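Structures given as structure tokens follow.
Common to both upcoming complexes is chain A, partnered first by chain B, then by chain C.
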Partner chain A sequence: MEKRMLSIKPLFLLITANLLGMLIVIMNKDIQSENIVYLCALMCLINVIAYLVINLCALGDGYLFIIISMLSSIGIIMQTRINSDNGIRQMMLYLAGVFCYFITIIVYKVFHKYWNRLTLVYFGVSILSFILTALLGAVKNGSKNWIIIGGISIQPSEFIRILFVLSLAAVLTNGKFKKNKDQVEDKKMKRLRLGIVAIIAYINAFCLLLQREWGIAVLFFAIYLSYLFIYGDSKLFFSANIFAALSAGFIGVKFMSHIQVRVSTWLDPFADATGKGYQILQSMFAISAGGFAGSGIGHGAPYFIPIVSSDFIFSAICEEMGVLGGIAVLLLYFVLVYRGFKIALSSTNDFNKAVSIGLSVMLGVQTFIIVGGVVKLIPLTGITLPFISYGGSSMITTFIALGILQAISSMKGEVTDEIE
Partner chain B sequence: MQEIISKILTYIFVIIIYLFIYVIIRMIFLDIHTMYRKKSGGFADAYLKLINLRQDLDFPVDESYEVSDNEVIGRGKKCDISIADRYLSTKHSRIFKSSGKFYLEDLESTNGTYLNGEELTDKAVELLDGDKITVGRINFLFVLPSKGE
Partner chain C sequence: MKLNKKIITVMSVVCSLFLVTVIYLTYFMLFEAKEISNSTYNQRIWAKEEKVLRGNIFDRNGVVLAESEQTEGRQKRKYPFGKLYAHTIGYNNRTYGKTNLELNFNDYLLKTESVIDVLKRDDSDKSLDKGANLELTFEHEMTKLASSLMEGSNGSVVAINPKTGEVYCMYSNPTFDPNEENLLKNWDELSAREDSAFVSRATQGRYAPGSTFKIVTAATAIESGFGNFSLTDSGSVKIGGHIFNNAGKKSYGNITMHEAIKYSSNVFFTSISQEFSKKSFEYMAKEFHITKKIPFDLDVKWSELDFDAMDNVEIASTAIGQGKLQLTPLNMALVSCAVANNGSIMKPYIVNRAYHEKGNTIYKAKPSVLSSPIKMNTAQQIKEYMISCVKGGTGTRAQVGGITVAGKTGTAENEKKGKTHAWFIGFAPAENPQIAICVMKEYSGSGGGSVCAPIASKIISHAYKTGLISAN
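After this line comes the complex of A and B, so read on.
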């Protein structure tokens, strides 16, 4: 049997990083609230407990959670440094996220038989929430994508990401299309299935475009394309989709003003340095001010960057911890996505495999889109940096997504496809 | 002064993150290493290696199976190497060790056991490293690591 060796080294490093980071922040900033110390202690405690629970109860992959915790800790430290109230809220969100993480593991494991049959439910809920957002939505940062319920604002498009992955995975691995006489898929069925996948993907992406959720629309499309790449075997269909995406992008650039702005500021931010190019220029100034080793936490000037706590948090990290710190963050994401693919590869159930591929791609592409955006590698689209950006919906969603991955990794070998 | 201290602490913070990444990657590497050793070549003794591409088969089968003293191959759940191939008999064939040598024996299976393409008769045949064993739709390579490796 597999021997489980419990190493506390990473846990030790995580706690040290937590405490050290908090120390630096508190040293450089008078924080009125004492809660922050208690919350930090509570967070360390939760880190320890969760790590031990996952490793001792054999809840699957032992690396996911600790990497997430490290990323969240970096996020919390930066949030507290920028705005201590946000920091406290972010810590609470982290605790809530961990709670959701474990709930997701349990729920996903208990009902593991039903998840692949709920395609219509996933799709229906997505569409319903699009409609609700359109009717009740509030406008924030130029996008109408928030619903405010009892003082709490939530962003439904964040939660739809998981539903989207689940619905595509459910269609792609649906047994109905597979089991005909010879157990071999015939071509027509395969085409029908890819057609349904395409319809779901395009409807979702279209609704997101209506909401002006550029970033998430691109993210959805990337997930859809990677599914096509993995499950479809028609090169023609794949290229047709890429062509469709490119032409949609081209039409967007030509005729829609807000996309035009994004692209033109990406190509030449100095053309309107005090206006439209301000964001991206400030972000780049911040990164260059930080240099290789950074200005030290608490001694940069991230306030100059607009919406620094959510979209531009990566620039703030680069400014204060240097490019080295930024690369460390990217490496953490890299390992996380790698673990996701590893889980997908070792999963023995088709649906679970598809879900874990989708979620890993989601995490990787999301990081690429926003980090690429703030360093001006690609046009900037507003999307959150998973686990680090300030924002409840995004935090909880990513925790749920990773909870599903953790659940899938723990079901390895237990759940296989049924064989007659 | 404070700026210098917090700068140094920030460096330490970043170094800790790198250490963390190093530890994690090292742990992952060790995991893969042990798994890899378990999968191929790491067997104490002989093992069977699957030659077929797994995606060509519509039933689950492992990449490799360890062979120790006595292994029964078949469709039955109680077999040591139980494979849900329809072309296998419940107890199809047996590999056993006798005075340091491995032998393959057919257990009166319906579709027969083939060693290097030749059907086995009722006599057990000695297995050598690199022999090809065919049962049902599955082809195995018999690997016998030479001692002292």
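After this line comes the complex of A and C, so read on.
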């Protein structure tokens, strides 16, 4: 195992950013609650401990956690600035997320032999939760995608993202398909494999469309296409899928009023500035108001933007930290996605490789869909900004996803392909 | 390994999504943000404005043209002279947003003193933060006079200092009262009006210039070497199968450019337009900013004209200001400025400076040359002709006792038969021009010499009496 030089510098930067950011927010908002101070201290402590544990116990990639924490801190600072109660909850979610992160690392490493055999479980649980949401679901922000269990509302579609990646990766790399003696699968088997992948992907996408989760449906399709591109050989099949997606999109724009609204407000938000275009216009106004340097935390007016704490949090960041701040946040995601792909490239286990590809694409495309949406680069679809948007399901899921990446990065060289 | 290569491709695609977003954000901030944030739907503007008392606007002598008052926690914008400045200062209210200077200089009107200035301030001063005041180049009395002279007819009066580009007066009729309560009351009626009172004729209205455009044609001819051109004017001429007549089919006999401008001969200018090249005509139109945007404190319209595509008849029509060519009164005022200022047009401006009441000037207009379409000699030559036009030609009614006025009249046919536009452009005093003027009455049905020249005369005389200009 390689020896790692422990660098304190990134940790130092993270802690400094945390303390300064929270100090500004607390002073500006004149927050009296002592809990925030304690939680902030606890957060910094957890930052230090987790960073040291990952680096000293050689738990793989040393940068993932520090980037995630930086993003979460920016999220917490913004959430506290918008609503201090939400900020406290977001801090606790962060702590819970870190806990899940480490549990995931341990569980994934301990049971690493079994993960690629559970396709049916992944798929079954996904379908089950779709059905449960349809039967018991509550409606929030126009989408019926919440289940309330024991007073806690959960968004199953957030968790399904990980199951989706795992199920596709399992089908694509499952050893059972390599039955012939040269260990080289024949064409027929490969086709069967891609066929199953396609079926799983389309069923998932269909269920999401029924729930009106456009954003996540697009995200799933992007993951599916990436897999097709990497693991499939047939250009025809790949093009056919793109064509299917395009025609589905076209039909959606032509015949489904919700999608029409999204596209038309994207093209001309001023056409119905006080109605359908209101959200996106408020977002544009916020970004414009911030300029390159931003108004400063606490000096903007993010409360003009609807659902600012979840979908539109990036606009608030741009307003108060400036477009330069927004770009810095994008670069953090960029580095995170890059690390994810790097883990995929260096992974020696087929299944792990496939999983890390899926998770990296998920993280990258999800960020693009929501950021591109709120800055009016693409039509807006409601989806959360990983680690920053307010919301438990999203926070915990992304921590688990990144926990899996962290676990895979630590398994490099240890686990090679095992053939049954 | 083939698999890894494909992974790298996917990675590049995903990463380029980030790149695209970053580029778009930068582009948005640089080119779109300003316009979008000026939308009336943007509550942020008003949220910010509640905290700052909007700056006042004064004329060159300190007369208040727009002021903000704080009453019961709310601000109110007042325009003491109502309709006089609706097309230039514009309006600012929550219902209809901002226009004109109120829009274009919004940032200055809301710009508070810097932190250092505030620290220097006396502790006892607890007034609301105040935005910067604007000092305009307008002369209020002249605008008032222009308004009374234009009473009852639609059109525009523009007066500019040709040496500096300061706009003394810019008034358009019909106009409206920009005070919020009156705007609310009259909005529907104003919007329904057919003669569009919201359009500032001086900068946004485009009209056939008629004979006033002969100044540009003359300039092109002289610069192309046809300054000594002469012909026998028999009252009409046939060009490309089309017959061009002088007004009243008058024949002037053997004439040079001097008489042609003095009496406004169509025969002379349609004929001379066939001598010089289309290219030089096109070049001149561009240099006079007729086919090119005029950078100005207000939004302006300009014309797009394809000289290459014109046949001889169209060139001839354009040479006497008929045909497809349409331009704004500001355009014609600048033509007059070029002749007055030895061939150079100074960039026109309305806002002289923005300043804090107790502090520094934060914006100051600097006179600068906009373009130099003609040489000094050409300008001198045309000036002589314009002097004799007022002395004994079509523009005699523009004369002012005590000073020499130079000018050119115009009567432009248009789509409404018999309802010609009347024009006058000119400057004074001819020996040392300090004011250049353009008066236009749309669809008046009368000649520029009879309805516009007298207005110009009164404006120039006012400027002379009040000491704005001196006799030499």
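As a working rule, the second predicted complex is superposed on the first by the 414 of 420 C-alpha atoms of A that agree within 3 Å, B and C clash if a C-alpha of one lies under 4 Å from a C-alpha of the other, contacts with A are read in each partner's own complex, and residues count from 1 in each chain.
Simple rule for what comes next: a residue touches a chain if its C-beta (ideal position, glycine included) is under 8 Å from a C-beta of that chain, and two chains touch if they have at least 3 such contacts.
Source: prediction; values computed, not measured.
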Side-by-side fit of chain B and chain C on chain A, or clash: fit
Chain B versus chain C as contact partner of A:Met321, first or second or both or neither: first
Contacts of A:Leu20 with chain B and chain C, given as first, second, both or neither: first
Touching partner for A:Ile74 - first (chain B), second (chain C), both, neither: first
Touching partner for A:Ala301 - first (chain B), second (chain C), both, neither: second
First (chain B), second (chain C), both or neither touched by A:Lys9: first
Touched partner set for A:Phe285, first chain B, second chain C, both or neither: second
Superposition-derived angle with apex at the Cα centre of chain A and sides reaching chain B and chain C, degrees in steps of 10: 110
Touched partner set for A:Gly249, first chain B, second chain C, both or neither: neither
Overlay on chain A, chain C to chain B nearest C-alpha distance, Å: 5
Chain A positions touched by chain B in one structure and by chain C in the second: 331, 338
Contact set on chain C toward chain A in their complex: 3-4, 6-11, 14-15, 17-18, 20-22, 24-26, 28-29, 32-34, 36-37, 39, 41-44, 47
Touching residues on chain B, where the partner in the complex is chain A: 2-3, 5-7, 9-14, 16-21, 23-25, 27-28, 58-60, 84
For the chain A and chain C complex, residues of the former touching the latter: 226, 229-231, 270, 273-274, 281, 284-289, 291-292, 301, 304, 318, 323, 326-327, 330-331, 333-334, 337-338, 341, 344-345, 353, 357, 360-361, 364-365, 367-368, 371-372, 375-377
Touching residues (chain side chain A, partner chain B) in the complex: 7, 9-10, 13-14, 16-17, 20-21, 23-24, 27-28, 62-63, 66-67, 70, 74, 183, 293-299, 320-322, 324-325, 328-329, 331-332, 335, 338-339, 348, 416, 419
